[in-house]
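Quick heads-up: structures coming right below.
Each of the next two complexes has chain A plus one more chain, namely chain B in the first and chain C in the second.
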Partner chain A sequence: MNLVMLSFIVMGVAAVLLSGVMITRRWPVSAAMVLISVMTLLAGMFGLLDAHFAAVSQIIVYAGAIMVVFVFVIMLLNLPPEELRYGGVTVGEMILSAAGVAVALVLGTKVGQGYLSVGIEELGILKSENSLALHRPLFGPDQNVKNVAATMFVEYLWAFELISFLIIAAMIGSVVIAKKRSAENANAA
Partner chain B sequence: MDASTSAVVQFLNNNIGLVAGIGKIAIALVIALQVAPIMVWVERRQAAFIQRRIGPNRVGIFGFKLFGLGQPLADTIKLLFKEDFVPKHVNKFFYILAPIIPAVMGLVAIQGIPLGKEIVVAGHTIGLQPVNLNAGFLFLFAMSALGVYGVALAGWSSNNKYALLGGLRASAQMISYELAMGLALLPMVFIYGTLDLQTMIAAQSETFGILPKWGIFLSPVSFVIFVVTMFAETNRLPFDLAEGEAELVAGFLVEYGSMRWSLFFLGEYAMMFTLSALTTCVFLGGYEIPWLPHAELVALLTPVFTAEPATWVAALIGLGVLIAKVAIFMFLFVQVRFTLPRFRYDQLMRVGWVYMLPVALGNLVLMAVIVALLRLT
Partner chain C sequence: MLTLPELGLYFSFLMFLVGLAGVMFRKNILFMMLSVEILLNAANLAFVSASRLTNTMDGQVVMFFVMAVAACEAAVGLALIISLYRTKASIEVDDLKALRG
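And then the complex of A and B:
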């Protein structure tokens, strides 16, 4: 067992365990902190795959920016510990959980198939054209940033711009909705 | 040479990458850990001079003054002998965790700084950047972004209104200034066409006219914005709203004492050093002597020493040059701290969002157009 495999197992097991820990925390701040460590572990696993840019942006964007805002809001509202619910699980929640597991399985096997078929392909058993493993980066594995840029700004430029447009629309929408409510509250008071 | 020595040599030959990697990380750690005591001395001494106080600038032992070098010693002894006290009302786990985060992040971030070009040992070429990811200096940004959790957590876990306000201010301030900081560096990425600090430094060893081709001359606006945001990111005056003695008594630090308190400072000084070194690498030619590229320096040294030791001497000179350039920024940090008053909170936000961000954006667009036009011709 080499160093990379060992690190992957340690980080993978820790990430799964900590995800479990996260959803069982009563203090919102504790949950946020555990979520940050899970994100850092994910970044470490990206790093093991030589996806340094993905690893670094995982930390900068998620752990370093989005979670800072989360923690800021939690601390600003000074949220008390969540009360644990002992009421049992409703049928709706069970159906939703089952649907979630199904989606996770489908996605997991699709992605896993692409990843695993590298080995199978070499044996000449499987040659799927849709396999993710056949989708090679343009500039080689040591050119992370170039690969991301080429994919984002050349190959999928329109999709990328449309998504950013959609996100801006959503952002403005949320501001408008929040404003309206506070204005009504001010009138009521 | 007996059997055990040759076994060691063989092991070193086979695992040169691993051994060199550990060695480089250890050297960077030693440098980062030395920053705090030296800066405590410089800061106390300079403060005493500026405030015309007799004391930290001349304290000595047994009549030997030594430029006030007794002061850091006295400070350390005082901190070590203080009671390690954990107040009853705090969240104990996070209270103990909080000072560790900035210290660790400061020590990790410095690993992304190129301490020199490369050395040649027994035929192996070893690059002198402890961690060289192909995302380049973004690694430093990632680590400095995580450091703020120490301050935020310290504020929250102290279970104290002043501390909480300090933590809140720190997180809001960090988000506000990190954007401008990133945007200030983007033009440099256009100009050099890379995120890799070694390539950037190599590009800066050229000259145009009599000036070295340093980033500060290529994009001065970026340099100014970056230095200002650097003060904000490290929570130094005039941006130390998270502490704010006047209104928050000491902000997130209020419940901390003894070595836990000094861990925050270890982290702060290490992060100051790292960000100053990043500025040096991007804007001031890093470890290179102006007008003398690394290759020419090695060529000059080779007749004096032999081929391999010449690279070692060049690396030492490079490290000295890097530290000298960083020292200028560190002194600037100290000088500014005792010169400028603290911002008010609304002023801080206005400077960040109304001045820094639009100027950085405008500079980005301008530099992008210029670089694109130059590439076309």
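And then the complex of A and C:
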């Protein structure tokens, strides 16, 4: 067990445990702060997996931009403490939810077992001349940004352009949904 | 002995289970959306681990697309929460019964 493996395991265990801490918080702001630490731990794991650009953008985009939006909305709502109660989950809902999580557990375990019994080498991804093999890194493992760019702007160019349409649609949609309706109600009345 | 990306896949599985439990057991829409962020992060970890496992770049590129979709989802979902809280004065899912069948 080398140092990389040890720190990866420590960060992974901490991320899973802090996820559990997050879903049991009562106050939304502390949950958001715990979630930021989970995302930072994931950024470290991405870095250990040689995905350096993913690690940096995980911190900048996720822990920075998206969580700022969350905290901003939490502050904007300014929920009273009685809105933040835990309860309300009936026994039937509890059983159904536990059954759903159990189904996910079984499915994930089966997929993992299937992977372990076959192995990635025997799936033929690395050796064969199929299309996946064409996406091998072009510039070597220490040039992650170049590799990401070469894949994103060649193989996934159309998906990249379509994502920009999605972002514009989401931007317009969120403004339309969240704007105050009082002006048009006054006009209608 | 497991390799690093295999361990990443297992951690992503565990994180996904925790996030799924959060979506299912919490009744507050804000917490449900935060749990959805955990789900998306777990999926991202799986994508990056698979990228390392297969020695391809596709997983990392898809991870950026997931990140963009997560940003859109957070923007629209939080706008919906603001709109709901303005009309219903509550963000508990039990109080939102207008579409109950």
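As a convention for this text, the second predicted complex is superposed on the first by the 122 of 189 C-alpha atoms of A that agree within 3 Å, B and C clash if a C-alpha of one lies under 4 Å from a C-alpha of the other, contacts with A are read in each partner's own complex, and residues count from 1 in each chain.
Here, a contact is a pair of C-beta atoms (placed from the backbone, for glycine too) under 8 Å apart; a residue touches a chain by one contact, two chains touch by 3 or more.
Here the structure is a predicted model, which means the values were calculated and not measured.
**Q** Classify the contacts of A:145 with the two partner chains as first (chain B alone), second (chain C alone), both, or neither.
**A** It touches chain B, and chain C stays clear.
**Q** Spot which of chain B and chain C makes contact with more residues of chain A, would you?
**A** C
**Q** Is A:53 touching the first partner chain B, the second partner chain C, both, or neither of them?
**A** A:53: touches chain B and chain C.
**Q** Which partner chains sit in contact with A:16 here, chain B, chain C, both or neither? Use first/second/both/neither.
**A** Only chain C; A:16 stays clear of chain B.
**Q** Which partner does A:65 reach: the first (chain B), the second (chain C), both, or neither?
**A** Both partners.
**Q** Contacts for A:29 in the overlay, against chain B (first) and chain C (second): which applies, first, second, both or neither?
**A** So A:29 only meets chain B here.
**Q** Does chain B (first) or chain C (second) touch A:76, or do both, or does neither?
**A** both
**Q** Classify the contacts of A:159 with the two partner chains as first (chain B alone), second (chain C alone), both, or neither.
**A** In the superposed model, A:159 contacts chain C only, not chain B.
**Q** Taking the stated contact definition, name every residue in chain A that is touched by chain B in one complex and by chain C in the other, in rising order.
**A** Comparing the two interfaces on chain A, one with chain B and one with chain C, the shared residues are 53, 57, 65, 69, 76, 144.
**Q** Flag every residue of chain A that touches chain B in the complex, lowest number first.
**A** Per the touch definition, chain A meets chain B at residues 27, 29-30, 33, 36, 40, 43, 47, 52-53, 55-57, 59-60, 63-65, 68-69, 71-72, 75-76, 78, 142-145.
**Q** Show which residues of chain C lie in contact with chain A when the two form their complex.
**A** 4-5, 7-11, 13-22, 24-28, 30-31, 33-35, 37-38, 41, 44-45, 48-49, 51-58, 60-61, 63-65, 67-76, 78-83, 85-86, 90-92, 94
**Q** Can you tell me which positions in chain A touch chain C when the two form their complex?
**A** 4-5, 8-9, 12-13, 15-16, 19-20, 22-23, 25, 28, 31-32, 35, 38-39, 42, 45-46, 48-51, 53-54, 57-58, 61-62, 65-66, 69-70, 73-74, 76-77, 79, 83-84, 88-89, 94, 97, 100-101, 104-105, 108, 112, 115, 120, 125-126, 132, 135-137, 144, 147-148, 150-152, 155-156, 159-160, 163, 166-167, 169-171, 173-175, 177-178, 180
**Q** Can you name the residues of chain B that touch chain A in the complex?
**A** 91, 94, 133-136, 138-139, 141-143, 145-146, 148-149, 152-153, 155-156, 164, 167-168, 171-172, 174-175, 178, 195
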